[in-house]
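The following pair of complexes shares a single chain, chain A, combined with chain B in the former and chain C in the latter.
Entry: the complex of A and B
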């Protein structure tokens, strides 16, 4: 068995020895260095760009502006909302937007020149808050747009929430807010581009090489096959490397100058020039009957998507679809609106709006439990989704629904901690609980992965996958899936990965989808390959191919292992006929479109579930919060590599802790890690136990679903719930800073 | 343009280098951040660096005397782990342990911390409680300034070009003193203090010292509170009053700024609790 074990991760030795070359490490002597010139005021009209002083800086080769773009000016990850200007053209829409690009012989010359560009501008009236942006008289971020500042909207209507609320025994109404969050992947964005055979080659860190290829080609006005994108080793992404960043600049400069160029964002540029997590405002009314059954939910969600759309359509839908959490609620009315503002743009970040929604649905269920005097775990079990029940979108679940098991497996830990800590706010300690549901793969759209598997006459097995491993471990896991399927050792399989010339599209490394979807494509590719060699074996041996077995590199007729043949021999005989033993595979999970009026439909083929619990200690005099312990139970379908799953869960908890307690990006205030705080190892709680729940998903490879984003989602609500217990007041606004805790402790918060 | 780096072996070499306009490199955990930032805006490297961390006299920890002395190039890691520091000035050891991370503490020096003059500097709060006077050398000789004299505003000192802090003369706390340092931060490591506090006192309240950092342009002794402690019968009411006075001093000095809703109760609470627990440690029974 290969799956369910944790072999050493692919590439870990190279990384430990410092030999792996990340996007930021790309480059050769003599490359030009590129630096963006970014606006520090917005919105504004550009009256003039004074480039003479910058051009006079020794070493400067050329300065590009919007006028130099050979192809389409507007790029974007979602085909129907491409609106992002990689060079501001007349109007600067957000602080940090690029107005020009310096190409120079050295990095210092490029940076000096970037400082020497003078942007002459006239400031415009801007809007910096989502709700203000949606008001009738708000300044328009994209003037002339039919929907004004409303970028995206998702409505979900199931049953009759309004009427149902009027008959509920208990109702809870509350508002929750979250902040902009920066991904802070360890590696900032970087890469290199050069020209080869009149084609542009880009090697950069990315989560999404085939999308990069398509949008860079559009930007340059070239056919996609004249752009090759190779994923460099990528030091984390968390959604921040799904949109293009340096790639269009690299492609433009290399193409127009016909010279190799490289570019690496500083941490400051990474803060200014890449997407953020959407800040949400969530107004909720939840109703339940006297026994604690959730009956109705009304949610009014609004979020700030900044100056450009990026993933706003997906985030609006994800947040709305997941608004109920992992609970059955018969009557649902959710309205989620994302607004353009003149803030830096928000895009994908681990969970696409679901971590924000989870703060609300978990806060609401805690409050309902408290009002009814019910146990917080019992009420979750009572309402948890089960096979046969429907989600907010009317998707009747079947098969893999592990939320009850997650809650039951976390129960002994939760009850033990609760017995130790109690529920009195006088001790300054509190135990919290949080749960989540997360749809695997993109929402209600086709999002296939493709892959190839080849067996060569010299005995090599090659896996071709377009999936970008960004540190999460897809190389390791996908190879394990193939090894299991072909019954060979994983080390025997070599990988060709994420290169648009050599691999086909696997879709983005996002939405927790690569294990499930690319794993499915690889299984199909292996089946096709197996059928080829079985056919040939049957031909050679004159046997019925239905009875064949393959294991450990040999094939035989069931019951006659003595007359086996090595796969290589069969592959060689195919090669003799000029046939390559190569299987193509494709997998696309079954979904359906959501009704535009009601949001009803099947957004995902499968869902992951999780429950977490935490103990926090609040210093009642200073407001400091120490997360002491966290336990997690995650239904991943099947853990292909348990160590990778645990790694994701621990990392997700760390990121969730940051979201809960300290992370808040304020445009103009936070420029780098000097004052934007993320957790250090010293802030990490004891994470024990990590419970892997396996409710197999029949459409998943060996039952697997996904864990990348689910790892993070329950953590912030769990910590918020625990802090609420410790201070005796619900904590509904993230981050739970020193100031917010002090406010709760000193009674200045009069909301309740 | 080239940059020179001189690892000074003695004070004379260092002062000669500084006389030529070199930047003092005393660990570099602040300096290199400033240098990097300047380079992002197109500036070059400074022309000369003088590394003073190898000068023996600047690495001296001489506390078991009537005139305690602490070399300016002593790292926070040494302060955190040195036996004499733990015995003679425990608040300094406690403060050192809260600075940055192990990696930063291994490089960062107490003299650099003072010269950088951050309002939130943990070392500065601790040294202020210990009555530190900086010994400042230049090719023209040595002069001494108290920290209050040395630091005139956030990140601003009276150090003249060519001058180098060689170390600090410290007060000897009264026999039987107990010392405390406490820091509040937004996380548990690599964090600038939201507030820090140093306290030294004995049972007789001979010479109580209470210093609050990150609340004023530079860490400040709360002399009115110290007088209160010395004059009143110690006990919970006095601790409470002391907390209130400390918070008032913060508001009087800084006005009711955005941070006040947090800092006012936090200062009062922190002062109260530190006094209460330190008094308990002194073993005084009511």
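Entry: the complex of A and C
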């Protein structure tokens, strides 16, 4: 059995030895180095770019501007909202936007030249807040756009929330906010490009090589097959490496100069030049009956998507679809609007708006429980989704709904901690609880993965996958899935990964989708391969192929153990007929479009669920919050590799702790880790137990769903709930800084 | 200046090192030791950690000339020729490596800790490794790995004694 075991991660040996080569490690002697010239204020009209002093810097080879783009000027991850200018043309829309690109013989020459470019500009009136941006008289970020600053909107209407609220026994109304957050993958963006046979080859860190290929080709005005993208080892992503970053610049310079080039963002550039987590403002009204059944929910969500769309369409929909949390609510009215502003752009970050929505739905259910004098865990169990119940979009769930089991498995820990800590705010300690639902895969769109599996006559098994492993472990898990299916040891399988020349599109490493969707594609590919081998064996041995099975690298006839043959022999006999033993697989989960007026439909084929609990200690003098303990229960369908699952959960908890307590990116203020803090080992609570709940998903590989984003989603609400209990007031605004804690303790926060 | 220092046990001489060059830049750009990473350039993340006379330093903030006449250990110099150091083994076995970008610095900080404290408790591990950021693992499997490495090194030490 390979499934359910934890063989060493693919690539970990090279990483431990320091031999793994990341995007930043690409390059050869003689490569040109590229550096962006970035605007330090926005919005503004560019009156002139003074390049002479920069061109005079020894070693500078060329300076590119918007006028040099051979193809499409606007790029973007979602086909219908491509609006991102990789070079500001006439208008600078956000601070940090690139206006020019230096190519020089050395990094120091390129950076010196970048400093020497003078941007002459006229400042424009800008808008830096989502709600202000949606006002009628707001300055337009993209003048001439029909919807003004409204970038995306999703409405979910189910039942009649307004009417239902009027009959509720208890109602709670509150507002929640979250901040811009920077992914802060430890590796900044980097890579290399060169020309080979009149094609552009790019090797860079990425979560999405096939998308990179398509958009770089558009940018250069080339057919996609003249651009090859190879994923370099990628030092974390968390959504930050889904959009292109260095790739268009690398491609442009290599293509126009016909020379190898490389580029690595400094941490400051990574802060300025990549997407952020959307800051949300969430106004909620929740109603329940006297027994604690949730009856109605109204949510008015708005978020700042900055100057460019990136994943704004997906984030608006995800936040709205998940607004109820993992609870059944018959009457729902959710309106989510994302606005353009002149802030740096926001895009995908681990959870796509759902971690933000979770702060609201968990805060609301805590408040309803408190108003009714109910236990916070009991009210969650009472309202938890179960098979047969419908989500906010009217999706009636069938199997693999593990929220009740997650809550029940966390119950003994929660009750023990609650008994130890109590609920008095006088102790300075608090226990919190949080739960979540997360749809696996892209929302209401086809998002297939494809893969190939080959068995060679010399006995090699090769898995070809376009899926980018960015550290989360897809190489390891996908190989285990194939090993289980073919009944071989995983070490026997070699991987060809994330290279647009050698692998086909697996879609993005996002939406917690690669185990479920690429895993499905690989199972299909293995079945096709198996059928080829069975067919040939049946011909050779003159047996009925219905009686065959593959095990131990051989094909066996049921009931006649003497009639078996090594797969290599069969593969060789196929090769003798010029047939390659190669299976193609594809998997695309079944979804349906959401109704544009009501948001009703089937957005995902399956959902992950989780519950977490935490103990915090609040220093009443300083306002400092220490998270002492966290426990987590996650329904992942089936844990293909329990060690990888646990690694995702612990990593998600720490990222959620950062979101809860310390992370807030303020444009113009934060540009590096000296004042933008992420959790260190000193911030780590005792994370124990980590409980893996397995409610198998019948369409998933061996029952698996996903865990990457779910790991993070319940953590910030759990910590907020615990701090709220410790200070005697709900904490609805993230991050829960020292100032916010002190305001809550002194009553200066004006919250009820 | 001509910089002479011991790099991973080998006496190394490097001409024309500018006085403002960092140890990180000469390791990566001049000598091609790419196992040492740059994560922030301001000494906050620890990805560039190397050992200078056995003590962890942020090589992005350390002037190259400070290495003159001293011993520098990078991740490339930790493993014996025929295998892995117990810290590296423990990191692999404990699942302490996800994206791997922080790994070289993390492993070197852990190795330095275990050289001075054979059996550190969790608080000692947290203190020693607090300057090495990891965004993937949540640190739990890293703490597990350091404890597992301590046990391995203790055992090896015992074996050395009994064998010697």
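Operating definition for what follows: the second predicted complex is superposed on the first by the 752 of 752 C-alpha atoms of A that agree within 3 Å, B and C clash if a C-alpha of one lies under 4 Å from a C-alpha of the other, contacts with A are read in each partner's own complex, and residues count from 1 in each chain.
Just so it is clear, contacts are C-beta pairs under 8 Å (C-beta built on N, C-alpha and C of every residue); 3 or more make two chains touch, one makes a residue touch a chain.
Given the structure is predicted, the values throughout are model-derived calculations rather than measurements.
Asks: Now for A:680: first (chain B), second (chain C), both, or neither, which partner does it touch?
Replies: Both: A:680 reaches chain B and chain C.
Asks: For A:651, is the partner it touches chain B (first), chain C (second), both, or none of the two (neither)?
Replies: second
Asks: Taking the superposition on A as described, I'd like to know which of chain B and chain C A:11 touches: first, second, both or neither.
Replies: second
Asks: Of the partners chain B and chain C, which touch A:266 in the superposed model: first, second, both, neither?
Replies: In the superposed model, A:266 contacts both chain B and chain C.
Asks: What's your read, chain B or chain C touching more residues of chain A?
Replies: After superposing on chain A, more of chain A is contacted by C.
Asks: In the overlaid three-chain picture, which partner chain does A:423 touch, first (chain B) or second (chain C), both, or neither?
Replies: neither
Asks: Quick check for you: in the superposed arrangement, does A:527 touch first (chain B), second (chain C), both or neither?
Replies: Neither chain B nor chain C is touched by A:527.
Asks: Identify the partner contact of A:622: answer first if only chain B is touched, second if only chain C is, both if each is, neither if none is.
Replies: Once the two structures are laid over each other on A, A:622 reaches chain B alone.
Asks: After overlaying the two complexes on chain A, where does the chain B footprint on chain A coincide with the chain C footprint?
Replies: 266, 674, 680-682
Asks: Flag every residue of chain C that touches chain A in the complex, lowest number first.
Replies: That would be residues 33-42, 44-45, 47, 74-76, 79, 84, 88, 91-93, 95, 97-104, 107, 125-127, 129-143 of chain C.
Asks: Sort out for me which residues of chain A touch chain C in the complex.
Replies: Within the complex, chain A contacts chain C at residues 6, 8-9, 11-22, 24-25, 183-188, 233-236, 238, 264, 266-267, 470-473, 643-644, 646-647, 649-655, 672-674, 678, 680-682, 684, 687.
Asks: Inside the complex, what are the residues of chain B that reach chain A?
Replies: 33, 39-42, 44, 101, 184-192, 194-195, 261-262, 265-266, 269-270, 272-273
Asks: For chain A, which residues count as touching chain B in their complex?
Replies: For chain A paired with chain B, touching residues are 108, 111-116, 266, 268, 621-624, 626, 661-662, 674-675, 677, 679-683, 737-739, 742-743, 746, 748.
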